[in-house]
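In the two complexes that follow, chain A is the common piece, with chain B as its partner first and chain C second.
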Partner chain A sequence: MIIRSFLARFFSTLVTLFGVAVVVFVLVRIAPGNPIAMMLPPGATEEDVARLRALYGFDKTLIEQFFVWLGNVIYGDFGTSITMRLPVSELVLQRLPATLELSIMALVIALVLGGSLAVFGARFRGRAQEVGVDISTGAALSVPDFLWGLLLILAFGVAWPVLHISGRVDPHMDVDLTTNFYFFEGLLLGDFALVSSVLSHMLMPALALGLPLAAMIAQLLKQSLKEQLDQDYVNLARVRGHGETHVILSEALRNAALPTLTLIGVQFAFLIGGTVIVERLFAYEGLGNMAIDAVINRDLPLIQGIVLLFAVLFIAINLTVDLTYSLLNPKLRHD
Partner chain B sequence: MTQNVFTLEISGLNVSSHSGTRVLDNISLQVEPGEVRALVGESGAGKSMIGRAVLGTLPPILDKSSGHIILNGKDLSLLSERKRREWVAHNAALIPQDPLSALNPVRRVGAQIITPLVRIHSWSKREAEDRCLSLLDQVKIRDPKRVLKSYPHELSGGMRQRILIAAAFANRPPLIVADEPTTALDVTVQKEILKIVRLLQEDTGTAVLFVTHDMGVVAQVSQTLTVLFGGRVLEDSKTHDVFTRDASHPYTQALIRSTPDYHSAGGKFVPVPDNVIATLHAQMRERLS
Partner chain C sequence: MTETQNIISAPRQRHRAVNYRLWLPLTWLSLVFGAAIFAPWIAPLDPLAQDLLYERLPPAWEQGAEPGYWLGTDGLGRDVLSRIIYGARIAIVVSLIAATAAAIFGSVLGLLAGFMGGWWDRVISRIIDIWMAFPPVLFSVLLVAVMGTGLASVIVAIAVIDWTRFARVVRAETLVQSQMDYVDSALIGGAGRFKTLLQEVLPNVLPAIVALFALEMGIAVIVEAILSFVNLSLSSDAPTWGGMIAEGRATVHYAWWVLVFPLAVLFLTVLSFSQLGEGLKRQFDPVLQ
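And then the complex of A and B:
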């Protein structure tokens, strides 16, 4: 049973990835712009252009190109970046930790902030405090992530300059780590100078990405909490002497979290998409920033590699959400 | 000090919504130790609200504005919020209306009924588990050990209601509020559940405030009854008297006649006559003006 559902999942994942690969491959080639022309100095001969085209395989038909590329991808070869002259897999894996750290930090901010606001609003439902939560989450939602980025730069970068507005780490700092997970590896090694430098760079972009999601979580979770708080099992807990805060946290929260979890899964995927623009805004050396450069330079192999990696991330997030869901909801567990 | 100490004594209880609508109006009633008192009335009469006021689970938009609720010798309105919760937890329990929503879906049944005994009544875990197992046996649940390890969705509605009844009686509280415990169940299960409530009640000597709209149920379980209309007490008497002699209030008489009874009414349903309702509404308007 478990093996069968795992296999079904695995094959549907492969189909999804193949679809993504086809779409990306075709799209970046239909889009106007010629990467070869950008690489050659002015005055290059027709012959030079043809040689370079042959080198990158652009002289073959689209279908041929696709299967050559796909064949290489299966063996872990994503091609060579046209602009950076380095293997795409190396470039992408080097940037991935930065984006993952940023997204996870944003998610943690959204969960903590949104969760507490939801519990607070549900605890004081029908009173001024709940109205306060509604107004602040409504405001946070109506501001998109990049605008949050600009507002945060104005507040903590200009008016009260306590945080760094660009980069991932202090450029003077000697970073000597085995992985590119500066924050997590720094934490593990107990290098607090590094961790605090990374945090002071990461906090603003993470907030910009996390605030709208926090508002969404707060609104949905508060609503589901309020529905749960009218249920008889909650009343029974009250009769057994539990105070309202305890009733919310230990009885209602796990039930209310289920619909919110679905939302978090979908929105976290959007959040990773949001890193593209927010990383650009804060000159943060992640995948998103690299994606923009790749698109501007028509670096086809790099674009394909990044998009495929984003697709893998989306699928991994969905899988995690489904697993967590069945962990929280006994109705979905099979023996 | 009077000789008769009530398990529950409500006097002059008023409950209104924030907008000023009066839900309970000057309610007074007493429940003696071991007594089963039925609270009857149509929907909106306020019968459930009395139970919720006693247990402190009124919806947030309602407020107990005045009056006294004395539970097992302590006036709840004189206690601090925390003390009141503790006192209620020790001296009262609830059999809820809807067994399907009265067990937390994400927690095992055992944890839900054993933990409160350990936490509130400081029983040992062993003691609590033994008591629950024997009670589940008493409410005719087969294989109680397996049931304790189950999640609520794995059990039927009737089973869940029997578990909830067992849980309410577990620590032999002086008072149990039964809030329409059979309404959500089908008729054959209803009968079984009423039998179990009566059995456990006689066994433990617990007083029960039995909220219902069903005069048939009233006749089966209660010794006394309080009839409510529009948040006020219309009649307060012995159940036996109401069913054998003519009830003193015309509304109560009409309620009894409206109970579907295949044999006496020739299969016809007799609703409460409009003029009785109209008189009551007129009285209410007079009072409010």
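And then the complex of A and C:
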């Protein structure tokens, strides 16, 4: 039963992925501007044009071109960037670690901040403290990441300049690492100068991305905690003489966490999408920033690759969340 | 129908507690709409006029200010206040048209998917799934790159991306309404499917659409600002809030006013639309009252 529903879910994901590939391909193909003309020097002959068209497969029908492109993509060949003259896959993999580190940092911030607000609000439910949590989470939710980023720049970059507003690491710093995971590798190597430089650059963009999610987590988890706190097993723990905070943390939290975990999974996928503009805002050298440069330079193969990668990440995260959820919650296993 | 009307116009005094959610945003938004409509009469100066002798003047109450430039000038000596007022025009025009297009397109598909079910639902839901897989900002940037920069592209990009918000909510809402007895009795009474959909289901789904519309206006304002920020909307001459913010971001260390004032206006406008949307949702939703 479970295997069948997993297979159905996989198949449905494949159909979505195929649709995504079609949309990306069609969009980039209908873009005005002749990519061949952009690659050739002025004064190129008709034969040169024809040869290049054949080389890039533009002489075939659109449907043939699509399947050739799709076949290459499946084998990891996303074409060559027009502006940088390097394989798209190489460029994208170079930048991916920066974006992943930023997203994970934002997720950690959201978890810690949202989780503590939820516990705090549930602990003081029905009192002024809970109203405070409700008002601040409501406000945090109505402000999108782009605006949070700008407000943070004003607060911690200008009014009280303690953090860096541009870049990923101090430009004077020698970064000699094997991977592009500056933060994680620096941490592993114990290079604390590097880690603190990366942190002071990453904290603001990560906060901008994480604050709206923290608010969502706080609201949902607080609600589930309050529901759990009316249950008999919680009363039993109280009768046994445990304090309210202890009851919340060691009894209610475990049972209240499931809906929040699903929310986090789905919203994490959206958060990764948010990195595009936040990276731009903080001149952070990640994938999103590269995507916008690619659009400005009309580097279509590069845009195609990045958009496809983001979409695949989104679908993969959602699939993982769904499958984990049905594993954790047998009540919702449908066949 | 009468049942919903009763719920909406039910005891007035119970709404008093949430009224500020509607009136504060409405006050600010009417200011913004007023600025957008009457920009040529309100704006003290020409928003495009450059004056290199007066570049980066601070606001009127700071040292070194010049009279007449209330909120100071930008790097080309253009009046910040006048540009903010004209920027309201662009923001409101883009968000009104884009949100209307997204609402119509998304609601029609949502109604069809929810009411017709079967293949309609399967195909439309699948398209929504595919659409949602693209990060909205990246998708809009890509669309503008494909269509070329300009106001029309920005509007089309927002509508093309955000119809799924309406489609998802309207579909879910229509599914709920379709289970109701009044739909069956209309169908048994001999009303056609489309007539039932338009006359019975649509009016009951409409409150959700109105609340979403307010939320979508706010999203459209922010997307327009983002696209102008990355210089993919209008030319950098045009007075857009996003374009002003982009310049202000670059010069924030020595001309904070170029960033702070347009940012404050954008912030209040986005906040107002989202509070208005939430307020309307509460007003319409009997469960939340």
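Basically, the second predicted complex is superposed on the first by the 271 of 335 C-alpha atoms of A that agree within 3 Å, B and C clash if a C-alpha of one lies under 4 Å from a C-alpha of the other, contacts with A are read in each partner's own complex, and residues count from 1 in each chain.
Keep in mind that, in the parts below, a residue touches a chain if its C-beta (ideal position, glycine included) is under 8 Å from a C-beta of that chain, and two chains touch if they have at least 3 such contacts.
Computed from a predicted model, the values in this text were never measured in an experiment.
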item: Partner chain(s) touched by A:328 [first = chain B, second = chain C, both, neither]; value: first
item: First, second, both or neither for A:218, with chain B first and chain C second; value: neither
item: Touched partner set for A:143, first chain B, second chain C, both or neither; value: second
item: Touched partner set for A:235, first chain B, second chain C, both or neither; value: first
item: Chain B versus chain C as contact partner of A:291, first or second or both or neither; value: second
item: Contacts of A:254 with chain B and chain C, given as first, second, both or neither; value: first
item: Residues of chain A touched, compared between chain B and chain C (which is higher); value: C
item: Chain B versus chain C as contact partner of A:303, first or second or both or neither; value: second
item: Chain C-contacting residues of chain A that also contact chain B; value: none
item: Chain C residues touching chain A - in the complex, by the definition given at the top; value: 126-127, 129-139, 141-146, 148, 219, 222, 225-226, 229-232, 245, 249, 252-253, 256, 259-260, 263, 266-267, 270-271, 274-275, 278
item: Residues of chain A touching chain B in the complex; value: 125-126, 230-233, 235-236, 238-243, 251, 254-255, 328-331
item: Contact set on chain B toward chain A in their complex; value: 52, 55-57, 59-61, 82, 85-86, 88-90, 92-94, 96-98, 101-106, 112, 116, 119-120, 151, 153, 164
item: Touching residues (chain side chain A, partner chain C) in the complex; value: 15-16, 19-20, 23, 27-28, 30-32, 138-139, 141-144, 146-147, 150-151, 153-154, 157-158, 165, 270, 272-274, 276-277, 280-281, 288, 291-292, 295-296, 298, 303, 306-307, 310-311, 314-315
